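Two complexes, one shared chain (chain A), two partners (chain B, chain C).
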Partner chain A sequence: MAAMSPSERRLQKELMSLMKEPPPGVTVDGDQASQNLTLWTVHMEGVPGTLYEGEKFVLQFKFTNKYPFDSPEVTFIGNNIPVHPHVYSNGHICLSILTDDWSPALSVQSVCLSIVSMLSSCKEKKRPPDNSFYVKTCNKNPKKTKWWYHDDSV
Partner chain B sequence: MEELIEAIHLTEQSQDYTSLLENMNTYLSAVLESNKRLTDSVSISLVDKDFLQDIKDVVNSGAVGVYFGQSLRSIKVVIPDDFGLRYHEIFIQYEAPKKLIIRNVHLPNSSKLNSEYRSIHDVIETCSKYINELTRYFDELEHIDQFCSIMEPVNPSFKDDFRRIFFDDRTWLHVEVTPEGLASNVHLVGHSTYWHNKLQSGLLTWDHDKRIVENIMDIFDLGMFPQANSQSKTEGDVEKQTEEPLVCGICLCSELPDAPGIPQPLCQNAICGVHYHRSCLYQWLVACAGSRPPAFGVANGTCPTCLQPIICSEKDN
Partner chain C sequence: MHILCSICSDLLNQAENIYVTKCGHMFHYQCLSQWIERSRTCPQCRNKVTERCMYRLFPNVSNEAGGEDVATLQSRLDDVLLKLRQHRASCKEHEDKAAETEAQLNKNVAIVKSLEKQLAQRETAFSALKEQLEYLKIQNSETQKLKEENENLKKNMQTLNGLQKVLNATSAEVEEMLEGYTDVKTVATFATALKRALCESENKKNDTRDRLQAVKQKLAAEKSIVADLQSKLALADDRLTTICRKYKALKHKRKSDALEVPCAPDSPSTSKRLKRDPDPLVDLTDNNNSFNTMVVNIENSDSPYLRLQQSSLALSTLTLATQPANPAKSLPDKNLKPSEYAVLNSARNIQNSKPSQSKSTSIFQKKDPTKISLSQENDPNLSLMNISYNGLGGHSKLDTFPTPKQPEPKTRIPRLTAKHKLKRPVQTASSNQDIRKMLQNID
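Coming up: the complex of A and B.
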């Protein structure tokens, strides 16, 4: 077997621990991820007792070979994109740890937990105020967007 | 040829070198006489007559142990020091007639021994001399290994002329030992004010007539050395049996194939507790600063885990 690169080694370790001890409501598609370590699909369930109870979402993680020095590209995919003030209807997520505040000490697991808590703390289901303009004009890669964080409350 | 190989296998098991050598000898002389070209084609595992005689002499002298590797061309000799206290292994490779090299040896600065030797006897003589010069070096390292909990190297040997001694979870003491058995480049890894102050005030009182371990105990007021992994295993904690090695907060690995060293307590924040490989942390801090190499090779920024200020030098010293 060819020697693994540092990013592959780390992704392999993360995958193992995420499959072994996933956070509640989060499951990773292990077969797909182990075939291609740079593209993961993560299934997420809305937390009981929150506005998203009973809903199912799918997250896609894309990694570059600079990971973990470079943040992963994380978007919601599939036909159920959560209606949330920080989630655009094309699946892009406005979350500072995915761009400016990324740190190599974060992981797929901590990103999942942040997104779960972002959804759970939502008080009103609505799209971001600039949704239609953003979705029309944005780059396919959410990391290319210069995010302007609307608020820090959720 | 097969017969010979079989003979070698047999003798390897029985450790009967004399009969092996005789077999080799007979075979070689026959081949040499009948067809020189054949010897060239199969010479990968063959050796010359002088070398065999050389081995024979060394074995017969009885002073050193001789062991064979995959072929007669790789030999290990085990030589005792003058006092017969320690035994040192020297791996010798036969390159060509009267051309031997030392392939591996568990001694510091082994590049000193990099030269061509005419005979095994030459090798033994040179190494014995070097080993006996290093007596104090061995004494000090053995003493440190005996009393202290060593974090790095992971498997300490006489080849490594430094030790990183466990003080607490966030602090190690780095000590290098010179070939003369003296301490040098003593410094702390980690940023504990407590240990740092002790080192500052005590370093000038270092007494080279005392042993390194005694000096360290005096400077840091230690009655005994703290032991790493001393937390006793609680019952029912069987899954986590073997103490997990410290992993780096960035790459999640312990030892890296392409960079030396293990994760170190580099964050100054006492409650952070995350270790990093120097190379990983340096890479991240430099990337945060726009990939410009920092002045004096020291990068600063914030700890990826606790976001407190952190500094990291490129070189481990």
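Coming up: the complex of A and C.
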């Protein structure tokens, strides 16, 4: 334990800060995360005043030991997958910071804020246009998908 | 002032290499260089960053407060907490593992116990089986012994069977049997047995021959005795006949005398008595002498067939009966049988009484004197005609010749015959019995 890897140090710090000062509507499952620092479960509530008000979603973060240089794998899990143009029905999220635009300066907290803002900015609840095709053909890992971003505005 | 590296979110200390990008963001050198290998952008503002446009910072930090400010302490606390969390986690893990292991251990202990129990059972069973095995071994050895014994006995029995066959069967069979035998010992046994049997039979034969010889000798002796007796008997018969003849002659004479001189029967009767007196005595003594000697001989005989001294049928009565015959006149013997007594009495009477008395009482003189007297008294003519009543309802002519119808033989013959009969059967019976016994003993 003495030799803690940089990724673990960073994750530990992030977990502590997230538990101490979580963003509104976001709670992290600290016990599970502390058991296994590479697999986090984050509960998220629909922000009041948006289309997802009152809804509850569950996000799953998977980290490699190259974190923070490598981006985390973030998907929606559970029964309630938000119906959103950038969220596929299998839980994959089309978000540039999760792949190409990832930066080590980003954190779980910033990713969560990005997703909340993405959901909050949604004007119409609908699946992505290529949802059914993507769901049939995609890899399990969303990071392997070569995303082309339909809408840079969101 | 506390500056954090946005990549590793650790403090940027003086000791570490602090680099700054062209756009003015500060990072640890290791963190920035690692990121630049992936993407030549600033992690914070995404401006272009290259190795060349990175600069090291050398800040002057005051030594006053040291590292005791709040931020340092916070970071330290964080570290410690992290460590604590990790320790807890590992501890929990270990605890779980320990519990699991303990459960496993308990399980194993139970298994071991059951196995031990099983082992004990097996051991007891094993020991029991061992004992049984031992017992069976002993039994087996015993059985083996018995088998061997049985085998030996069988062999012996076979030999004995052979022996029996050799002794009893016909020679052809024995030969046939012996051809099958190769064992010299058995054959030798047979030979010895046969030899023994032969010796025994020879002995027996000798014995039997000796016995036969003895019996033959005895038979010869008996025969000689019988011949002697027969000759004596013949002699006696001859004597008897001569005496009878004499008597008849005398009778006839007396009759004729009576016819001639009917009133004087004294002389002939006395003469007859005188004549007759010695006769039976001689006869008796003669007879008795020979008879007594025979009895004594028989009694003293060594012959096994004539052991009369020991037998119940002793001949003492005979000797006693015959001995008083000599002094018969003077001594009436109490030991005599009634019949003999009567005979003796009659004899005495004959000797003691007068002829008239004898005529009337004696059975020997029963008819003739009466007839004669009748003829004499009543009708002499009738007497001349020589016809007389015989007392049997008929009449008979008087024989001129001397007739064998005398009273004396009647008296003597019954005595002799009675004694003979008495003697002979006793002798023969006892001898026969003895012979039989002897034969039984021999057998």
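Throughout what follows, the second predicted complex is superposed on the first by the 152 of 154 C-alpha atoms of A that agree within 3 Å, B and C clash if a C-alpha of one lies under 4 Å from a C-alpha of the other, contacts with A are read in each partner's own complex, and residues count from 1 in each chain.
By our rule, a residue touches a chain if its C-beta (ideal position, glycine included) is under 8 Å from a C-beta of that chain, and two chains touch if they have at least 3 such contacts.
If you're wondering where the values come from, they're calculated on a predicted model, not measured in any experiment.
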| chain A superposed: clash or fit between chain B and chain C? | clash
| request: In the overlay, work out which of chain B or chain C sits against more residues of chain A. | output: C
| query | Just chain B (first), just chain C (second), both, or neither: which does A:104 touch? | reply | both
| For A:16, is the partner it touches chain B (first), chain C (second), both, or none of the two (neither)? | second
| field | Which superposed partner A:6 touches (first chain B, second chain C, both, neither) | value | both
| message | By the touch definition at the top of the document, which applies to A:34: first (chain B), second (chain C), both, or neither? | response | second
| message | With both complexes superposed on chain A, which partner does A:69 reach: first (chain B), second (chain C), both or neither? | response | both
| request: Identify which of the listed stretches of chain B (6-14, 42-50, 60-68 or 294-302) has C-alpha atoms clashing with chain C after the superposition. | output: 294-302
| field | Footprint overlap on chain A, where chain B in one structure and chain C in the other make contact | value | 6, 9-10, 13-14, 68-69, 103-106
| message | Which residues of chain C touch chain A once you look at their complex with the stated criterion? | response | 6-10, 31, 34-35, 38-39, 41, 43-44, 46, 78, 81-83, 85-87, 89-90
| message | Which stretch or stretches of chain A touch chain B in the complex? | response | 3, 6, 9-10, 13-14, 68-69, 103-106
| task | Would you mind writing out the residues of chain B in touch with chain A in their complex? | result | 249-253, 256-257, 274, 280, 283-284, 287, 303-305, 307
| query | Mind pulling up the chain A residues that touch chain C in the complex? | reply | 1, 4, 6, 9-10, 12-14, 16, 34-35, 68-69, 101, 103-107
